[in-house]
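Listed after this line are the structures, all set down as structure tokens.
Both complexes shown next keep chain A, but they swap its partner, so chain B is in the first and chain C is in the second.
Let's turn to the complex of A and B:
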């Protein structure tokens, strides 16, 4: 069963003279096992939106159900929330235990699992994020590098075995290698456990590479929702919204300005390579 | 001018008291008015290097000279710190007051500038970063990009000759990143300020005329940005990537498309392709 978001509006300071609709009339069904990328610039409402998915924030109007649990209902929310793992920005700031093991065990422990089950989950989560158990379990989180800390923090959420994993900018501040590690890790987790990944990112190139579906939020509304091909086929429109586009789309825009008719669906390097080879071959004829 | 001679910086790792060299024999000269980008992945030593420029860190051995003043000479530190402004990664850690213009005035006040001059510098600095409208605002109500511009304005009010950005765009969104890059490019062009930009984003390096690549505490490559980007294989060995556009350019050439290996931005590549 999916997450169903229906006509959700969230108003900050509702009823006052300075009320603002952070998100407005959002409709989306998030399917089991899908990789959904969410993009939008600062203040577009994307963080407000994802906070609705586990009931951290309640809609001013509209409904959200997680596998059928109505997130507006106090009792149902508790059950729905167990299915949704939430990784906030810079999650490593929330590491607090003496060892990596204890930190990852914190969630499962609070779920009331016995020690054996907790141990299984910690090992499994560390395996998913690529932190070797022997090497890292007894280390203090503060001895880890930035990228390792980030992975340990994500492992703490994975240990709850969420059906939906929501991540707000999981690669922010990491170097290119660290970014790639996290992206690959999320994709292999999804394939191994069939959980859904819902990832907010500023990096169009990262979203273009990994997401199956992309939701663009602009001024609190869904501006676009579709496959990467659909969304990036309107590169000019994204730029107008003040968003970045994949570098290859930016090149396509520049080429179109100079009279080369680049097809709308090109946003990956491989596609662009084939296209340019094609036009150059024709020129030679 | 900045002169770094055989700079070594070692620190103890707490377990076995093994020494680790964060900087391992770095020698560099940076002339006035240059726009230099220093790249390297986490742990390459690039931020440690930045902290040596104004004496926040002291060399284990070797020297750092700013206009011939050695950072080891404590009597020169105040002068050195007026010449070099460093902007760090997190704008929230660099803002100290509750009103934007007071924050910008904090630096010049501390070095004893008289109040009329402070007023002039604050107004000018805020204008340079395009934030004059926000002078009376509270910093915590601003976006990340705006806060980082305030942090830069605070540096400019000290009127440094050299501006160092230590991953100052890492926490910003693409728009904020562009804002900051545009401002420092302008400062470099119009005010001939020396700009040293430390970053993990290869895409940002295309703005600088000189690129220095660091790995494991050493300078591995140093040269004109365009030239460095002609050595994609070497960069990848250092687990760094060339920008996507440069990677595509190289692929095209490998596939027999006749273009030069000069283009490093999408505009340049588009122009090459239209010839």
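Let's turn to the complex of A and C:
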């Protein structure tokens, strides 16, 4: 069963003269096991939107159901929330326990699981994020490096075995290697557990590489929704909205300006390489 | 949960009152408090009341803000009213209105209750005028200048003002942080609302520890940033916006002193109630 978002609008300071629609009339169905990328620039409403998915923020109007649980209902919300794991921006700032083990166990403990089940989940989660159990379990989370902290914090959410994992800019502030690690980890987690991943990102390249479907939010509304091919085929439109495009799309835009007719569907390095090779081959003829 | 906390209720507007020097506003507020304490007849509360309403009108602040400023202390007011109602006054032959067991309400105690209530309301309404029309930053600026003479006895005036400015500046930041951490822990199934008091207090640990850590981190980063811009305390430091008294500041202080005088004289001439 999917997450269904219907006509969701969220207004800040509703009723007052300075009310602002953070998001407006959002409709989307998030399917089981899919990798959805959400892009949009700062203040576009993407963070507000994802916080609706597990009931942290309530819609001003519209409905959200997670596997049939109505997230506006207080009791159903608790059950629905267990299915949706939420990793907010800079999750390492929520670490608080004495050891990495205890911190990761916090979520499962709140679910009321017994010792054995908690232990299983902590080990499994640490394995998923690539933190070696022996080395890290008894360390203080504050002794870890930035990237390790980030992974420990994500493990704390994975340990709840969410069916949907929502991440708000999970790679922000990490170096290229750290970014790649997180992205690979998410992809292998999705394949291993068949969970859905909903990832907000600024980096078009990361989204272009991993997402099966992309949602572009602009000024609180869905500007585009579709496969990466669909979305990035209109690279010029994205630039107009003030968004970045994948580096290869940016290159394609420049090439088109200089009179080279690059096909619209090229946004990955391999595709571009093929295309350039094709041109070269023609020139040789 | 923490969203209701609002500190510094500044109401932005473009008025002569807003443009007054913060030093004037602090001084007139002190005079105002004196004026309210000079009042010893109920009818004389009309003067502070007229003052508050006219300042609000000049400052273009909606009058409902008077109500808002009194709201947080409404329980204190009610408590004081009831307490004074039953407190025997030191008058000979009081006129008893109601008596039961050890509780006794007299004409004098009713008068006293009304008097105390009016004093509290006018005090709070009047002093909140200052925070309504002055940003916290310019307030600390004014305070620094007013306390400047204390430098002679080696009192760290500038440092104190800087500390206040930084503290005020970081209140919204920390509140935002609390909101974020609370959401993150809620998403991990935290429960802050059910259970005994001890359990609820314990459930705050996952919020407080990250909050303290980030507050220390921020303090450290801020200290570093200030030092790298050669901050070394108040000595030889000049202001970007130097405070200046204008003619309006003089008028404001004269109005205030005038009100104190009027209250004293009228009460002498009209010793009724």
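As a convention for this text, the second predicted complex is superposed on the first by the 285 of 285 C-alpha atoms of A that agree within 3 Å, B and C clash if a C-alpha of one lies under 4 Å from a C-alpha of the other, contacts with A are read in each partner's own complex, and residues count from 1 in each chain.
Note that a contact is a pair of C-beta atoms (placed from the backbone, for glycine too) under 8 Å apart; a residue touches a chain by one contact, two chains touch by 3 or more.
If you're wondering where the values come from, they're calculated on a predicted model, not measured in any experiment.
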Contacts of A:86 with chain B and chain C, given as first, second, both or neither: second
Chain B versus chain C as contact partner of A:176, first or second or both or neither: first
When both partners are placed on the shared chain, which of chain B and chain C touches more of chain A: B
Partner chain in contact with A:189 - chain B first, chain C second, else both or neither: neither
Which of chain B and chain C A:51 touches, first, second, both or neither: second
Chain B versus chain C as contact partner of A:248, first or second or both or neither: first
Touching partner for A:152 - first (chain B), second (chain C), both, neither: neither
Chain B versus chain C as contact partner of A:142, first or second or both or neither: second
Chain A-touching residues of chain B, taken from the complex the two chains share: 41-43, 89, 143-145, 170-171, 173-176, 200, 202-203, 239-241, 243-245, 247-248, 251-252, 255, 257-258, 266-267, 269-271, 273-274
Chain B-touching residues of chain A, taken from the complex the two chains share: 41-43, 145-147, 172-178, 202-205, 242-244, 246-248, 250-251, 253-255, 257-260, 269, 272-273, 276-277, 280
Chain A residues within the chain C interface of the complex: 51, 54, 56, 81-82, 85-86, 88-89, 91, 93-96, 106-107, 110-111, 142, 156-157, 160
Contact footprint of chain A on chain C as seen in their complex: 177, 180-181, 183-191, 205-206, 209-210, 213-214
